[in-house]
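As structure tokens, here come the structures.
Same chain, two partners: chain A is paired with chain B first, then with chain C.
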Partner chain A sequence: MGGSDMSGHRVIIIGAGPAGTRAAQTLVRAGLRPIVIDEGRRSGGQIYRRQPDNFTRPYSALYGTEAERARDVHATFDALIPHIDYRADTLVWNVADGHVWASCEGQTQAIPYDALIVCSGATDRLAPVPGWQAAGCYSLGGAQIALKAQGVAVGHRVLFLGTGPLLYLVASQYAKAGADVAAVLDTSALGLRLRAAGKLAAQPDLLWQGLRLTLDLKRRGIPVLTGIRPVEIHGHPHSGVAGITVARGGRTWRFDGDAVAMGWHLRPETQVADLARVPFAFDAATRQWLPVVDDDGRAGNAVYLAGDGARILGARCAEVTGELAAMAALADLGHVADADRRRALLAQKGDYVRFASGLAQAFPWPADMVAQVGDDTIVCRCESVTAATLRASVGAAHAQEANRAKAFSRVGMGRCQGRYCGNAAAEIIAAARAAPIESAGRLRGQAPVKPIPVALRRTDV
Partner chain B sequence: MTGRFRRLAETDRPAIRLTVDGAPIDALEGDTLMVAMLTAGDALRDSEFGAGAFEGHAGDGRRAGFCLMAACQDCWVWTAAGDRVRACSTMAQDGMAISTHQPEASWAAVT
Partner chain C sequence: MTSPITHTDVAIIGGGLMGCSAAFFLAQRGLSVALLETDKVGRQASGTNFGNVRRQGRPIFQLPLANRAIRIWRNAREMLGSDVEYLQSGHIRVCFRERPDNIGKMEEYAQQAREEGLELELLSANALRERFPWLGPDVLAGSYSATDGHANPRLAAPAFARAAARLGAQIIEDTQIVHAEKLVEDFHLTAADGRQFRAPILLVTAGAWAGKVAGWFDEGIPLTPRAPTMSVTEPVPYAIAPAVGVMTPDEVETVYFRQVARGNIVLGGSTRAASYPDDYRSYVLPENTMTQFQHLSRLAPALARLNVIRVWSGIEGYTQDALPIMGPSARVPGLFHAFGFSGSGFQIGPGVGETMAELIATGATDIPIAPYAVNRFGG
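== the complex of A and B ==
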């Protein structure tokens, strides 16, 4: 039986990325044996995703400037395995009444906890673009995983669309690996980046890295357009993506390509926190509802959040907040806290928070573009529901917030459970009502947080 | 059929062979099902929604996955045993028989 310390405290960590790894390390150092539940087959999470064992590329090729951090996070977790109860390939699909419901290979188990540290990470934040349902459109993070974990490009000529640091990072990684990058198309204007430079300077090497990536792309002769609006992703229902048209001012550009890697920065994966009854509050800077935690990651009811699953502060900061959350859990369980270490970690976190506010300013979510998306545009890729259907549910069915609109239009009800349409649906609902976006509310997390087989055998009773 | 995905590295791995809807495809050991299927072909399945938008098909077009991190569920395919799997997070195995259409009796088979 894992998860307990000498006093019998059971601690569960969900996620084995940088936050989960540092949380586990902190608990093991304090003499605990936490349960670590990982949806992946191996630790690392998404950003430090590992390639299969029979692949041979070195860390420098996979993780670039973050190679040493990736190596350290992996080595730390590998060394922890004998000291933790590691459950790989296991999906947490519900949290209720002080138990985590986890399923693995057709079996499910309700595991009790005294403290729960949720390190659930992030997914790409997507905006609907006409034609984005075509085969060959991928999330930016997905395009990066294809290269990092499998050594493939998502197309033979790849277009990059969206905004945020990942846009430039993945495009540059593709170019370096020998992929044909057709264009990098950023919806944020360059001027915003200059105005945010002061805040971005909170992480000078990350700011410098960003500048270098852009220069590298331009040096390779790849068109980099900023401040554009996507007009349409061209394609065919059978053969998929054929190209894209974008506009700026009165001018349009068309680029050919058979894949679009798209994303507008990231959004936290908050379903598990929601089921654990963590309160949420509206965050005006990122225009979304986020879980409420204190500086250390406490969310109440013995639940702690760390990493990008709480706030998008990046992989480096996830190591900091993972340790902080574990320290908070330990303190609440009666262990003696290291006040100096805590102060140092909080100071580091403060710099990342400042940097993240710079990113939000430099690479904003294109709220107006989303609110004004054409009626024919598909908002829900899962079930091919258009903006017109969503707007009609607001008008005819008086669906004034996201959950009611979901019931009438099915936007958010498909197999991704609102992960890739939820942010956009809120903008469209709010605009249709001419109301502030916070009044559109947020899609409530539902169990199971991901589809699970109908026949799960319960093994804890 | 040309592949949607393009291999850029790690091509020196042992070959494996699986079938997709009965047709053989060649892949490499360590490929996910998605990479195996999309280096050999250009889609994973048909969309079930948006009826009428795509002549001759139930839904509005072919789909080839989206997020590659087991979040969007756009890459569902079925094994010979009738199990639904995510192609992005399932490793391809030599001899696997994959169906891109849901077996009709699958809902009854699991009870």
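== the complex of A and C ==
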């Protein structure tokens, strides 16, 4: 059994990426034996995802400039394993009444906690583009994982579409790995980046990395277009993606390719926090509803959030907020707090917050493009719901916010539960009502966090 | 501060399926109606239930009401001008091997139901599995109704509300009535923001919240708020036409499922949790989801191979005998009730609306409503 300190406190950490690793390290140092539950087969999270056992690519090939950080996070976690109750390959599908419901290999248990530290990470923020339902359209994160974990590309000739650092990072990783990168198509104008340079300078080496990635892509002769609008992803129901047309000003470009990797920066994975009844508030800078936490990550009711699952502040900051959240949990459980360490971590976090606000300014979510997406464009891919159907739920059926629109139109009702259409649906609903985006509300999270089999059985009673 | 007072022939408190369909049929009879809903129409139990349009298994004395309702379901698309996804694809009720006495009960029920115009076909275990090969080996016998089916609860009440509005009814959402009383001829209703509504007739269709409204008129009706355990699977090729349920005295075995035309299978039953009408909250307890999965796997083992993508619940008002309160008040002339449907109001909903409209407009109905009298619990 695990999860408790000498006074019997049971602490559960969800997620074994950089935030979860540092949280676990902090708890173990304080004499606790936390339970660490992770969906991954191996620790590292998405950003420092490890390759399968029999793969032998070096850290430098897998993680580039972040190789040393990846190595350190992995080594830290590996050293912790004897001191924690580590449950890999395990899905947390619900949280209720002070218990985490975790499932593994068809069995589930309700595990009680005195403190719950949620390090649930992020997924891509996606925008609907005409034709994006074609086979061969991937999220940037998905395209990166295919390469990082399995050493495969999502296509022979890959088109990169969206905005944000990940757009350039993944395109460059594909190019380095020998994949044919057809084009990098950024919806953000270059001028925005220059205006955000002051804030981005809060992390000078990350700013420099970003510039190098762009230069590297251009040096390879890959077309990099900024400030574009996607017109259509061309494709066929059977053969999938064939290419893309984009426009800027009065001009259009067509690029051929058999796969699209797309994403508009990231969004926090907040389902677990939602099920744990953490309150949410609207964040104007990112036009999203985010869980409410204090500086240290406290979300109330013995729940703590850290890493990108709370705010998109990046992998480096996840290590900081992971430690902060664990320190907050320890303090709340009666352990003596290290005020100097806390101050130092909060100062580091402040720099990352400034950098993140620069990224939001440099690589904005294309709210207008999404709000004006054509009627026949599919908004919800899980349920194949078009913008026209969603707009009709607002018009004819008088839905005023996302959950009502979901009930009428099915947007967000499928297996992703609105992860990939929720942001866009809110924009479309708000625009259809000529109302502010926050009035469209947010899709309430419902269990299970990810699909669970009807064959799942409880084994703890 | 004074705001204009809304006067109508009938005021309705509660915009679920009962209230919305009553508003529609009252408006159709030419009465002016104000329907007052705290939140949005059809969002509570009417929008979160399983969606069974099932007559069989209801008390025999309820079948005339259920028959009236099914005629409305069949015409709903034309009558309302929008699709509520009614699918008359049959309903099968089965019993398990260890309860062979249920076969006799099924036969007896089928005989009585036939007299009320509901044809049921009794099927042996072998005949059942031949027709519905996805049923499990523990299923002993079944009763099949070809003329029942299912519909989409999320669409039904709002569709009635929109159709009522087209006939002139005022559908007033986001309006919580905090007090009502009868002064001389009229009921005086006060909303949380001070707006006033007056009508000589008041119909209470406020579901789990109706006990509070009835209490304003000294009609104390104990309602227990409960929350159903609902789940839905990922879509799979359409293969299961009828809605399926279990006949058993053991509540934990009472699971049911149906497949919608686009392929998802909606699962329900086995357990109910507490719900919290004062907070407008209900929760699916994870342990109930697990119990439900276990019993569903026994009823239809093939389901065990599917994934559930979402669970949900709602707030339902239960009476002591699980029968609704439906009819005139025992104390206040002009006051009518239709609530406490105890988790089985969806099918009869439109029939309740039409019957209440008839009762209010004409003073009488041929539908037997005596079993639902408000004063049957004494007091």
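Criterion: the second predicted complex is superposed on the first by the 461 of 461 C-alpha atoms of A that agree within 3 Å, B and C clash if a C-alpha of one lies under 4 Å from a C-alpha of the other, contacts with A are read in each partner's own complex, and residues count from 1 in each chain.
By our rule, a residue touches a chain if its C-beta (ideal position, glycine included) is under 8 Å from a C-beta of that chain, and two chains touch if they have at least 3 such contacts.
This one's a predicted model, so the numbers in the text were calculated from it and none came from an experiment.
*Asks:* Thinking of the overlay built on chain A, is A:P34 touched by chain B (first), by chain C (second), by both, or by neither?
*Replies:* It touches nothing on chain B or chain C.
*Asks:* Does chain A have more residues touched by chain B or by chain C?
*Replies:* B
*Asks:* Quick check for you: in the superposed arrangement, does A:A455 touch first (chain B), second (chain C), both or neither?
*Replies:* It touches chain B and chain C both.
*Asks:* Quick one: is A:P366 in contact with chain B, with chain C, with both, or with neither? Answer first, second, both or neither.
*Replies:* neither
*Asks:* Would you check which partner chain A:G164 touches, where first means chain B only, second means chain C only, and both and neither mean what they say?
*Replies:* In the superposition, A:G164 contacts neither chain B nor chain C.
*Asks:* Would you sort A:G15 into first (chain B), second (chain C), both or neither based on which partner it touches?
*Replies:* neither
*Asks:* So, does A:Q446 touch the first partner chain B, the second partner chain C, both, or neither?
*Replies:* Second partner only.
*Asks:* Looking at A:S139 after the superposition, I want to know if it touches chain B, chain C, both of them or none. Which is it: first, second, both, neither?
*Replies:* Only chain B is touched by A:S139; chain C is not.
*Asks:* Once the structures are superposed on A, label A:A407 by its partner contacts, choosing first (chain B), second (chain C), both or neither.
*Replies:* In the superposed model, A:A407 contacts chain C only, not chain B.
*Asks:* Quick one: classify A:R415 as touching chain B (first), chain C (second), both or neither.
*Replies:* both
*Asks:* Residue by residue on chain A, keep only those touching chain B in one complex and chain C in the other, then list them.
*Replies:* Comparing the two interfaces on chain A, one with chain B and one with chain C, the shared residues are 415, 451, 453-455.
*Asks:* If we count contacts the way the header does, which residues on chain A are in touch with chain C in the complex?
*Replies:* 93-94, 96-97, 99, 101, 108, 110, 396-397, 404, 407-408, 413-415, 417, 446-448, 451-458, 461
*Asks:* If we count contacts the way the header does, which residues on chain B are in touch with chain A in the complex?
*Replies:* 4-11, 13, 29-32, 35, 39, 42-43, 47, 49-50, 53-54, 57, 59-74, 76, 83-84, 88, 91, 107, 110-111
*Asks:* Which part of chain C faces chain A closely enough to touch in the complex?
*Replies:* Touch residues, chain C against chain A: 40, 43, 47, 154-155, 158, 162, 233-234, 267, 283-287, 289-290, 293-294, 296-297, 303-312.
*Asks:* Touching chain B in the complex: which residues of chain A?
*Replies:* Going through chain A, the ones touching chain B are 39, 46, 51-57, 61, 123-124, 133-139, 141-143, 145-147, 149-156, 177-179, 236-240, 258-259, 269, 378, 381-385, 415-416, 419-420, 450-451, 453-455.
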